[in-house]
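Consider the two complexes below, in which subunit A is the common component and subunit B and subunit C are the respective partners.
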Partner chain A sequence: MKRILRGAVLPVLVFALWEAGSRAGLLPMDTFSRPSDIVLAFAAGVSDGSIPLATWLTAQAALVGFAIAAVAGILVGVILGLSPFLERTVGPSIEALRPVPAIALTPLTLLLFGFGLRMEAAVVAFACVWPVLIVTVAAVRGIEPRLLEVAQALELAFPARLRKIILPAALGRIVVGLRVAVSISLIVAVTVEIVMNPRGLGYGMIIAQQSLQPALMYAQLLWLGLLGWGLNALLTRAFGQWHGAFGPGVSP
Partner chain B sequence: MRESPAAVLSLEKVRVAFGGRPVLSDISFEVAAGEFLCVVGPSGCGKTTLIRMLAGLLAPTAGSIVFGGRPLAGTSRDRAIIFQDYTKALLPWRTVAGNIALSLEAGGIAEPERGRRVEALLAKMQLAHAAVQYPGQLSGGMQQRVQIARCLAQQPKLLLMDEPFGALDAITRQTLQDEIARLVAEERTTVVFITHDLEEAIYLGDRVIVLQSNPGRIAEMIAVKIPRPRSQLETREDRRFLEHRHRLFGLLQDAEG
Partner chain C sequence: MKRLPWLGAALFAAGLLVLWQVLADRQFISQVFFPSPSRTLSELYRQLASGQLWKPLEATAFRMFYGWALASLAGVVLGAAIGFSRTARDYLEPTLEFMRPLPASAVIPAAILFFGLSNSMTVAVIAFGAVWPVLLASVHGFASVERQLMEVAAALRLSRAQLFLKIAAPSALPDILAGARVSLAIALILAVVTEMQASQTGLGQNILLAQRSFRSPELYAGVVTLGIMGFAINQAIVVLERRLLRWRGSHE
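Moving on, here comes the complex of A and B:
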């Protein structure tokens, strides 16, 4: 609690100075809305339901894309991590695809899926899959060989080996990739909305900016920041226990 | 084959080479049912290679290994291996009870039988109070107890131990030596025990094999005719114990050179 309060000092100070500067006429109103106006715009957006709806649409696309990337990334990552042969075969293609900016796929996904959830989630999934995939390959490859020998000595069948040894042993590191992917998912979803897809918070910001409502634009921008922060905090909490649970000096 | 009827395990002219470099050469010995065989040798003599081969984690380059009347091929749940590095061999995300349960799960033993057996092993290895703790929260000796319990849960016909007490302090080591001697005597388990500690080998073994390096080969094989149960104090002062120690000590010195 104390840390949250301390962390809040700087933002509160910035907003206070901003409000004061604005009231003193030091900041142009058409680009720097007053924080008080931003709060009012946010309240209006919430009460008329437009911000909750936009939030839902953006979160939906981000989460669907993230989920697809997580499942695909872990699945392929485990396979490639276990098979150096496949990794050598598929690896170069992955290295060639990975640098393609996800946003550059927007026109293609538009052709494939049209406007809406599917094209946005597809772009998000493409952007998110790489960190998950690469971290998973490394995590599986980095599993303590002794553990695999224990599994072998116990004659665990492959599904049991995967469920009881490989996945839990790799999970601690896979989580790192998942966290990176989550923050990417929100960024990419909003970017796709700003660039092309007429839905969600990104689109809402464009509309607010074009209709000369900077306060509403700021409101959505700040709200986005808060969402990203909350999402990351949630994830840290959910998976943080995984790291700390096994006593001192042990990292799975 | 000069296999006697009571031999559970027999090796015949076994050779192991890694990339042309011989690690073990001309290894032939037999282990009788219920026997406690210790293999002692300097580091780099191929002790660990030998035990990994017996576990089925490694195939010999030449020669034959027969276990229970059949050629030994690959791993099997009736041969359990206890590794020296218990921190790496235990699942850090499972509790003590969960780690022991792993080998029962592998053996297809379902609840509630599984729970009963875990309980019994926890009691047997004096781990009951630590059942819900994670390996990372335990001392080295306790962690090694967990690994021993996990291997005993397999109810193996052959227990393979690779310097299991090498990383423990002297007092813990002696306690565990006596416990393992008692447990395998109760269960009549056959044991192959690797160590670099000559006194440990004589203290625990019915027979002791001394390996020499470059390539690893059998230098000597002695029978330890000191009655059981043995005692840390008296056995180590026994005339026969000291005689064996003197004789093998010299061999190990030679082997080192």
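Moving on, here comes the complex of A and C:
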């Protein structure tokens, strides 16, 4: 209880000082706005549907990009994890691509796809694929060799081997990569919107700032913070259960 | 036999580039979107030879470095406070936990309100985004100083300042450096993002301008430069880590 109270001190203090300072005219309204206005702007944005719509557009791009990255990352990761030869051959080319900042690709994807969902999802996918890919390669390589021998002895076809042996055995660790990728997806989607793509929450904030509506901008910023925090809390919980349910020992 | 994997990797990468070159030359893929590697390379060479590359490269590097240095300083100070003191942790942690998942690019509009489209805006955003890895790592580092070391310090009657400098800081250093490395990668990405947004000189702006005027070889040259830069920075920190942590070698 004491910890919760102590944790609340700083935010409450900041918001109280913020509100008081702006009411006393100490903080310029056009940069600071004030907490009560921010709450009003948020309520207005929610009731006219603009904030839910923007949230959906951002989430949609993040999800599509994440899904592409998850499928591609796991697929390529499994193949590279199973074949040391391919890993040695293709690995360095992949390593050369990886340090490229995903955001540097926004101009390129704009050339390719134009504005909209596709370019945003493409950048998100590029950013998200690396953690999935790297973790998958490591996870598949860490599968108990006897399991793979069993698969061979049973003469399972590749799809069956993938579904029945490889994925279940490696999933516990692949989930770690996926969890990282989910967090990245939201961040990259918002970044693409802020830099370039005219849709979603990122764009909404830029527009609010440029049209001198700081209250609306802060409302969206705080909302985004809440979204990110909620997503993180959700993932931690789900991920924790995953790990517990899977238990140790299946994958080293 | 030992050299074969390296050869395979090089052949694969070269094969990809040659395929790209041939497809582009034969106009199977559009030169506007995928200029042939030779055009990108000659553009890169032109920028190098004429010295055009250095100014934006320097601007981006300095921006990244200042933001990163600020983030590291703040991260280590806050991290030491939180890792060292239960009370500070109770007060600060919830607020920081809320701010951490916030996409750093999302604070760009707010930063523009406060700093305008300036260099200080870019540095502030970079510092905000890059602080988290180093902060988390130093919290962990300072919180997990070995018990025995603390007992030794108590036996030697070290003052709190001495304890900090002689015991806690060195033992947290590996964690801090690992965090700083992640922070630096984030700083580079944010340097590119903020340049695009605030039209400050730099590699990010170069890429954006190249795209707007459909000079795609220049765009690719910029992306390649950023990739090399990201790689080089990562390597530099790895080397630095090894050097600074040499004293640890005897333990392991």
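Note that the second predicted complex is superposed on the first by the 206 of 252 C-alpha atoms of A that agree within 3 Å, B and C clash if a C-alpha of one lies under 4 Å from a C-alpha of the other, contacts with A are read in each partner's own complex, and residues count from 1 in each chain.
In the analysis below, a contact is a pair of C-beta atoms (placed from the backbone, for glycine too) under 8 Å apart; a residue touches a chain by one contact, two chains touch by 3 or more.
Nothing here was measured: the structure is a model prediction, and the numbers come from that model.
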Does the superposition put A:Q213 against subunit B (first), subunit C (second), both, or neither? neither
Going by the touch definition up top, name the partner, subunit B or subunit C, that contacts more of subunit A. C
For A:V150 in the superposed arrangement: first (subunit B), second (subunit C), both or neither? first
Touching A:N197, do we find subunit B (first), subunit C (second), both, or neither? neither
For A:G228, using the defined touch cut-off, is the partner it touches subunit B, subunit C, both, or neither? Pick first, second, both or neither. second
Once chain A of both complexes is superposed, is A:T136 in touch with subunit B (first), subunit C (second), both, or neither? neither
The intersection of the subunit A residues contacting subunit B with those contacting subunit C is none
Along subunit A, where are the residues that touch subunit B in the complex? 144, 146-147, 149-150, 152-156, 160, 164-165, 168-169, 242, 245-252
Residue positions on subunit C within touch of subunit A in the complex are 5, 8-13, 16, 32-33, 87, 90-95, 97-110, 112-114, 185, 188-189, 192-193, 196-197, 203-204, 207-208, 210-212, 214, 216, 219-220, 222-223, 226-231, 234
Contacts from subunit A onto subunit C in the complex sit at residues 2-4, 6-11, 30-31, 85, 88-93, 96-97, 99-108, 110-112, 183, 186-187, 190-191, 194-196, 201-202, 205-206, 208-209, 214, 217-218, 221, 224-226, 228-229, 231-232
Touching subunit A in the complex, subunit B uses residues 55-57, 75-77, 79-81, 83, 85, 88-89, 91-93, 102-103, 105-107, 133-138, 154
